[in-house]
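Here's the structure, in structure tokens; my notes come after.
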Amino acid sequence: MLNFALMGAGRIGKMHAKNLSMHSKSNLSYVYDINQDFANEVAKLSGAKVAQSAEEAINDKNVDAVFIASATPTHIDFMTMAAKAGKAVLCEKPIDLDIAKVDKCYETIKNFSVPIQIGFNRRFDKSNKKIKLAKDNGEIGNLEMVIITSRDPEPPGIEYLKAAGGFFRDTTIHDFDLSRFILGDDPVIEVSAYGSQLISAECKEVGDHDTAMFIMRSQKGVLIHINNSRRAVYGYDQRVEIFGSKGMMISNNQSPTSVEKFDKNMTYAKDPIHFFFIERYEQSYKDQLDDFVNIIMNNEKPSVTFEDGRNALLLANAAYESFETGKSTKVNY
Amino acid sequence: MLNFALMGAGRIGKMHAKNLSMHSKSNLSYVYDINQDFANEVAKLSGAKVAQSAEEAINDKNVDAVFIASATPTHIDFMTMAAKAGKAVLCEKPIDLDIAKVDKCYETIKNFSVPIQIGFNRRFDKSNKKIKLAKDNGEIGNLEMVIITSRDPEPPGIEYLKAAGGFFRDTTIHDFDLSRFILGDDPVIEVSAYGSQLISAECKEVGDHDTAMFIMRSQKGVLIHINNSRRAVYGYDQRVEIFGSKGMMISNNQSPTSVEKFDKNMTYAKDPIHFFFIERYEQSYKDQLDDFVNIIMNNEKPSVTFEDGRNALLLANAAYESFETGKSTKVNY
Amino acid sequence: MLNFALMGAGRIGKMHAKNLSMHSKSNLSYVYDINQDFANEVAKLSGAKVAQSAEEAINDKNVDAVFIASATPTHIDFMTMAAKAGKAVLCEKPIDLDIAKVDKCYETIKNFSVPIQIGFNRRFDKSNKKIKLAKDNGEIGNLEMVIITSRDPEPPGIEYLKAAGGFFRDTTIHDFDLSRFILGDDPVIEVSAYGSQLISAECKEVGDHDTAMFIMRSQKGVLIHINNSRRAVYGYDQRVEIFGSKGMMISNNQSPTSVEKFDKNMTYAKDPIHFFFIERYEQSYKDQLDDFVNIIMNNEKPSVTFEDGRNALLLANAAYESFETGKSTKVNY
Amino acid sequence: MLNFALMGAGRIGKMHAKNLSMHSKSNLSYVYDINQDFANEVAKLSGAKVAQSAEEAINDKNVDAVFIASATPTHIDFMTMAAKAGKAVLCEKPIDLDIAKVDKCYETIKNFSVPIQIGFNRRFDKSNKKIKLAKDNGEIGNLEMVIITSRDPEPPGIEYLKAAGGFFRDTTIHDFDLSRFILGDDPVIEVSAYGSQLISAECKEVGDHDTAMFIMRSQKGVLIHINNSRRAVYGYDQRVEIFGSKGMMISNNQSPTSVEKFDKNMTYAKDPIHFFFIERYEQSYKDQLDDFVNIIMNNEKPSVTFEDGRNALLLANAAYESFETGKSTKVNY
């Protein structure tokens, strides 16, 4: 049984707490949140102890692993603290918004041989895994194009927007990582980015985008397209298409039921798709945890490395440079 | 070039006239209808001559073939007249509503070696043909079940109902034939029929059904289900499912466009399916004509024989017997 | 927290044990199985105590409820024992194969006011619930037809077949119940049944069917079709279609992923659907338990009553009578 | 009845000849092709006269309209000749590969008030028309994104590639036009283009692309993505997605049948989609002709103007500039 300390008890922290409680090989020992009410709520549901400080939880000798789901600016501090304490880390994306801080963090933590995994949960989605496997097995032949559609159901509030680090670093970063996951050892070398302000007055106010499109090129010449929106009224639109010399595979959207409706206006109509990431990726978060628990127990290498977290951020940065310069931008790893 | 005489210029007659005019190897020489206005309309569009009597058209020595699309009670007379005149016949279903008349007709026409084909157009539908071929090729293994869903968009008027010979003989007859088409040389030997009056006051008035279900058994033990309705508000519902030891194939519905709509209430919503048989089976009527023209030109055997028309009627009659007696009824061929 | 005693630790018992362990308001106190190894295995995973007899578990004063997932012939004994001990009961279908025993059981247990629920889990499936709700809300207008397709992935072994009580009582009983669930207060009054032996030599050996079709009529004239097979090579085929004056709704099949494949032979190809009931109805079993726990805690009426279990058996019996007599059979409630 | 002269009797010319012959209000009077065998073949099937020169056909006083389906370099000559002769023109895309020639042509023909329509047939596809109408009607709210997937089944031969003017001008030009069709009065102002050589040795030899992606921005900030390939093994992949504040609509692919197959490996598998443009856009070519005939007869304005042809070419040119400079390129109209 692995004892976890959970940093952060907000929306996503609560979900992780529940998964940690239900997993047969993990135990939630501590929860810490700057907002004590949030921590108390999670503690009550899970039986975990509320830590008065991050240090208390992370440094407790009975704690084996730290799950970091707190605000982005705290990620590096907690990760470093955990690494120094010899604890395994599963950290939500992004590592940080500032690549310089990420690099400095790396210099510190690389000296501690603890497994550090970044929470790109979409890699653990059964459908995404299936198409990744199909690509690796040659089922679609040589990969030629990747098309990722990723649209949130509704724009976040202005406080979130102010802290989030921009659409490309906060949202597209998942799609940058998913592109890298599919491409495997063929790195993305070039990015072009377009952004637009069409939906949200709050986005406009903070100078952020709510609509965006990207093209990327890999070293082997594979072309990748990503499109993002902060509002899809029909739910959390999550599609991945891989196209190659022998065919195509699509990881398509999912609905809560399999009901189809036929009336005088329309036929074969399904439910709205899942509302947002908590619903759509419910199982992937569980599978991510399961994977991480097994990695620790079997002394294996993390499935999603610190470097994966860093490289996704590099792509986001290159995308911002492209947007600002109007040029196709080379990615410097 | 084959010269056709067309009997009947109503809704379906007009469609056949158009197909006859556009086919590269057929020519519409005559049109005859008891309603002269109908005949005139077809003549104007197609360039055909309006015949003053069926005899005039059928017996004209330049006429090669007779297309019978007139009211059911006239079918046998016109067919017999054509057979005696040595003309090929393509006759709309049903041959007649009375099996005794059908048998008597057969005694007469069997002496004349003209090709006589019955208009079970659904056999020529590309999707139905594909599943029939798959069954024959063993693609689904041994056939175990057939499920046919066939629902009209809206009930007909009372005049039509009075003349139509009952739901099972007028509508289900297509599905009886389609079952026989799929089964091939494995005859249907037993039928159970349920009928209901749920939709149409006119149906009730004439003592007819508007909702019906059937089970049939073939000699080899294949089970067949048919369900019929006189009203499907989403269009002309036409599905055929074949199920066997290696899998299943479904000939599914078709829509005028391939558009899918997503909004806050529903996703992947398609158009209403085709409104009725003219739209849904447009191509099958053309392919049926093409098949018939080639049969005549190449002296081949008809694809759908007089006997096929007779046997579909026998199944309808057995279904009525089952409905009236509440028993599973054996079919006497 | 409700303490449960689980009777039966076979395939389905294990699944229930897992759900009981994970539910936040239930605790698995005891497990009993005639096969002690099975019981030990469940005990080890769940922390439950292995009971040496059914009595020991059921009569323990700390036990609040009994979950009966043992062999069918034991259901009535355990249910009666639990009722006498004042314990709530959730009992797998069928209550028994013999209607006389069911009726006698009822005479005994009706004197004890404990909640007794029958495990027709498909009523708790999200898609089935959605179409039931749509029917009740008038979303499809007046109900006219119900079509249920229910096919197992592969035939069971001969030992199972010998004890199962026949295809209609063991398998179709779920579909009889689902029909009743959808129809609500409009009772099924008439049944016709066809059975065939096409697939399994073992089925033939014990005189059972592997392929079956049914038509039923409700008091209001709604027609219901059910088709069953013991083998669908593409997985556990579970579809429910309701058709009415305003349209149609289909509870369609579900696959483990939402991947679609396109290659030179086929397009839009999905995975095989879920293999069998454990996978397809995973969530419904959890929701059934959750419903039952809430019923006990809130002193509510069971969602699926003893009478529901009895009536489904009556339909199976009427179906057998129809099969044997070749007649449409009236149902005597 | 309108008399047409057809320039060009190759693959697409033959299809147009057939449509001209079958249309109730058009007559194919002349066919001209530099390859006399091609012209003879069309003449034989359609009954048209083979012209010895373009002039003979275009200048015949009985000819009302000229259908230009010959090689691209001849388009401007024939169009100018027809305009001078006062004949209506329906000209296949592109007008020419050289924008300077296009502009010069315009200077000449603008003095002749004949209707000139460019053959962007996809505008006449029922599904594309439906989504365009939905956008105009506000059915999807404010337009925010357009995504066009357009992939040929297989690469053309090297002779075709040498003459075609490059992937963006020959193939993407249809997608540039379709983007403009959907956007309506909101012009595309900026383009970024990526091309790759992944498939065809012949493409590489002539320095052309076989894989390409584009992002464009409209004046109102709508983002448009196009992706193209010269090879999709599952058929001619033609999808258009429009996304807005109230939802999304997709004009999806179409197959020759509506059959779905289920076996142990996959479920809901459809046929390969239509092989290529002749099959996929069969009806749109007929509807384009019908539209053009009605325009001439009713003295209406062409549906797709010379300027539409010119503007699509401008977008292709801007795309090439973007590809060559690695910059997002402004479009100068």
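By letter and in written order, the chains are A, B, C and D; residue numbering begins at 1 in each of them.
We adopt the following convention: contacts are C-beta pairs under 8 Å (C-beta built on N, C-alpha and C of every residue); 3 or more make two chains touch, one makes a residue touch a chain.
Small disclaimer: the values here were computed from a predicted structure and weren't measured.
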Looking at C-alpha means, what's the farthest chain from chain C? D
Would you say A-D or C-D is joined by more C-beta pairs in contact? A-D
Would you kindly tell me how far, in whole Å, the mean C-alpha position of chain D lies from that of chain C? 57
What is the distance, in whole Å, between the centres of chain A and chain D, each centre taken as the mean of its C-alpha atoms? 41
Among chain A residues, those touching two or more other chains are 232-234, 246-248, 253, 261-264, 271
Taking the complex as given, what residues does chain D use to touch chain B? 22, 126-127, 130-131, 134, 139-140, 246-254, 256-264, 271
Can you tell me which positions in chain D touch chain C when the two form their complex? 232-235, 253, 255, 261-273
Quick check on the complex: what are the chain B residues that touch chain C? 142, 144-145, 147, 149, 151, 192, 194, 196-199, 211-215, 217, 221-223, 225, 227, 229, 231-234, 237, 243, 245-248, 326-328
